[in-house]
Amino acid sequence: MLQVQEEAFDPGTVLSEFTAGAGPAGAVVSFTGIVRDNGGDLDHMEIEHYPGMTEKAIGAMIHAATQRWNLTACRVIHRFGRLAPGETIMMVATASRHRAAAFEAAEYLMDYLKSRAPFWKKEVGRSGACWVESRQQDEDALKRW
Amino acid sequence: MLQVQEEAFDPGTVLSEFTAGAGPAGAVVSFTGIVRDNGGDLDHMEIEHYPGMTEKAIGAMIHAATQRWNLTACRVIHRFGRLAPGETIMMVATASRHRAAAFEAAEYLMDYLKSRAPFWKKEVGRSGACWVESRQQDEDALKRW
Amino acid sequence: MKLDVVYFAWLRERIGIPGETVETEARDVAGLVAELTRREERYAQAFRDLSALRVAVNQELADFDAPLSGAREVAFFPPMTGG
Amino acid sequence: MKLDVVYFAWLRERIGIPGETVETEARDVAGLVAELTRREERYAQAFRDLSALRVAVNQELADFDAPLSGAREVAFFPPMTGG
């Protein structure tokens, strides 16, 4: 299940719903990404995405993870638009019978979302704006899958 | 932060509180363990623990994980007593600046909680009761740390 | 052949438009890039370093040597930074 | 030396009590186990396979050859199954 949205969401509300609907799972893992203000300079972040491709790309990731780790449920929420420091950017939740599968599937989804879902982050600070650069280590992280 | 308790708790409420108080974290990972009814025979689970040692052992795990992964926040809740299928047994939450650290710390805590925190699970079914046996793979999981 | 070409992030800013419909006879993505580059300096600037760019054909990631047969939409953008 | 000895899970059920205070001169955990085993059949049964048991001294995991000097509380239990 996938939501790409501009609106804010509460990770706790999502986790409660997800856990209630996770079927015969014994293990639920969630990841929540939050806007960080590294140096105290960040005013806000702007996230741009590619409507249409975003849904297809993440849908394929969810499908692959669900098959590979035999997930009983899987959910991804990713925001776009303007976000202030401390706001929740995105969330992944996975449910499986066993903890290792739930953890691995969540990490797999995060690694793919980082480098293969069409989102671009721009940091707008008091001293100017710049596009967040991709990191080689995020590209390398895909190799383990 | 650690709670060992008999009372039920809602993982979503815990995650919301945790995320709000996670400081300059960019990444929050949670694990929730739920009572599974494998074969449809389980009536309830009874969890016994060793008061005193439980708090010491988990406190040491939290301390070690916080140091090793530079966590900005860490929380463990583990229940004891009688739990019905579908009820939440326990939860771990970790917050860090980077996703890899938050994931690893949560997995480390789960691996240690499984085999080194003094809890014992008994499954009470319609066809009898039995103590859950420890698994070699849970012991092996500790070797990677 | 008519194609929708779309741009994202700093590529969009540098070219100055989010997308456009182009008439092209290019056979592959590289051919399309060559045509765009010849148009105006802002395109030449934007496409100067292809190793810093990614491409999607019909909303699927592709290589710069991917053929354009069957293509309706081609997107150019920097490496993605989601999550 | 007076020691609090506590039992958990199936060990508690097999011995029939959650714990007891014992008077012992044993120098290490193994010596204490030997004394308990000689008491009654239910102890002998419970401690038959030490590889299936774990021990904590003063609420810290220990080995069966751990000394009892300074010990106030010794706990015996099966491998833990938390999480």
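Should a chain be cited, it is by its letter among A, B, C and D, assigned in written order, with residues numbered from 1 in that chain.
What we mean here is this: contacts are C-beta pairs under 8 Å (C-beta built on N, C-alpha and C of every residue); 3 or more make two chains touch, one makes a residue touch a chain.
Computed from a predicted model, the values in this text were never measured in an experiment.
Note on connectivity: the fewest steps through touching chains from chain B to chain D is 1.
Chains touching both chain B and chain C: A.
Each chain gets a centre from the mean of its Cα atoms; for chain A and chain B, those two points are 23 Å apart.
Centres computed as Cα averages put chain A at a distance of 48 Å from chain D. A straight line joining the Cα centres of chain A and chain C is 26 Å long.
With centres set at the average Cα position, the gap from chain C to chain D is 72 Å.
Under the contact definition stated at the top, the residues of chain D that touch 2 or more other chains are 83. Each of the following residues of chain B touches two or more other chains: 33, 99, 110.
Under the contact rule stated at the top, the pairs of chains that touch are A-B, A-C, B-D. The touching residues of chain A, counted against chain C in their complex, run 33, 48-50, 52-53, 56-57, 78, 89-90, 110, 113-122, 131-134, 139. Those residues of chain B that touch chain A in the shared complex are 10-17, 19, 22, 24-37, 88, 97, 99-100, 102-103, 106-107, 110, 141. Put simply, chain C touches chain A in their complex at residues 6, 8-10, 12, 56, 59-61, 75, 77-83.
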